[in-house]
Amino acid sequence: MADILYFGRLGDVTGIPSEHIALPSNISNTLQLRTWLDGEKSLGGALLEKTVRLAVNSEIVADPHPVKDGDEIAFMPPVGGG
Amino acid sequence: MADILYFGRLGDVTGIPSEHIALPSNISNTLQLRTWLDGEKSLGGALLEKTVRLAVNSEIVADPHPVKDGDEIAFMPPVGGG
Amino acid sequence: MITLSAQPFDAGDELKAFEARASGAGAIVSFTGLVRDRASDENVRILHLQAYSPMTERGIEQAAARAEARWPLTAIRILHRIGDMGPGEPIVFVATASAHRRDAFEAADFLMDYLKTEAVFWKKEVTDTGERWIEPRAEDYQDSARWALTGED
Amino acid sequence: MITLSAQPFDAGDELKAFEARASGAGAIVSFTGLVRDRASDENVRILHLQAYSPMTERGIEQAAARAEARWPLTAIRILHRIGDMGPGEPIVFVATASAHRRDAFEAADFLMDYLKTEAVFWKKEVTDTGERWIEPRAEDYQDSARWALTGED
């Protein structure tokens, strides 16, 4: 099981801020995860956008990065505060 | 009679912040005034320094600028606040 | 000193506290960001700020450390709201103290550029007619890119 | 709003009042200058600030007008002490408000450069061992010269 977090507009797009899911055995990196989740949820590419970065266990990573059970994986659209 | 003001370090040098004096008839511009007052007070050139600007009636002027009875004439060393 | 706060704060009180802490500094620069009340001709009702703790805090701490490495600062304060806030409320307060004013100005400017374009926040504006997520503008990224230059510009 | 004050002031209170006046601005930058407590390894007892009214006020008003012509500001506040003040006391407070932070930063920076090098003040520092008049440093003049350039910096 892994924790998937959807930040910013992706929370609206998916309808949930986070979920606890079992990673299929053929999903072992962030690129595969993006494609699989986007298809599962019929998001039409929202999770595949280049401006959406992934953080694995609170570290921003470059695709493809390994993912495994127990990871916290965050989908992060462009950030900005202030 | 004219009012002469000595600002900043020039107040220390002259020993007075201001004075009300009669302008001699041969003193008709700021250059003559600088030279005359510096000599009168034996200041050794303190009033002749290029960085000391003169204001006549609250307007900074370029030497030589006319001066006459009734003027307020200020000797202004380099300014700066903050 | 870095704080994410779900509660409103008063920038004047923050400046007082900062000045007390930074005494002897000579120069203090503060920046206060306020929730705007209009967006594209609509009234803004709520601004929602989402963070990802502790990544958000860690990133801000690293930015503060970069500022301290680059400018001789005697104190830094960064306070950022999260959650829901109304128009006119402060959303961010940044203060820097230094012996010289240019260092304080540049460090505060740098920190704000970080907060605007790199800090881990997501912003949603709720207006009378709906809501939308706000991302940094092109000019925010340009502002931020200035600091990549070598030297003191 | 420009004030020369012979009385101490509190920068936090000033920022509060300014924020109330500048509501809707989005970005507020403040600068506070504090009397330093050390000068060349000596303790500073008193800083004395001399002005030449109304020339001093008129010059500051003109600088504020130049800032308003150059940047889209919604409010400006300039408060400067005159007379005697002690170490750690605020000597100057400048605040600018604008819709965008770069404008507020640059305008505050510009006004401080004016106050440091062109505003009609004379400063005397009284230390344990004597007193001396302080004039702007070369770097103050360099900072000030930046604004003569055409364009936005």
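In order of appearance the chains are A, B, C and D, and numbering begins at 1 in each one.
Please note the rule applied: a contact is a pair of C-beta atoms (placed from the backbone, for glycine too) under 8 Å apart; a residue touches a chain by one contact, two chains touch by 3 or more.
Note that the structure is a prediction, hence the values are computed from the model and not measured.
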item	value
Neighbouring chains shared between chain B and chain C, ordered by label	D
Geometric centre distance via CA averages, chain D-chain B, whole Å	27
CA centroid of chain A to CA centroid of chain D, Å	49
Centroid distance [mean C-alpha coordinates] between chain D and chain C, Å	23
Shared interface positions of chain D, touching two or more other chains	33, 101, 112, 116
For chain B, residues that touch 2 or more chains besides their own	82
Inter-chain touch pairs (all)	A-C, B-D, C-D
Contact footprint of chain D on chain B as seen in their complex	5, 7-9, 11-12, 55, 58, 74, 76-82
Residue numbers on chain D that touch chain C, as the complex places them	10-17, 19, 23-34, 36-38, 87-88, 90, 99, 101-102, 104-105, 108-109, 112, 116, 139, 143
Residue ranges of chain C in contact with chain A within the complex	33, 49-50, 52, 54-55, 58, 80, 91-92, 112, 115-124, 133-136, 140
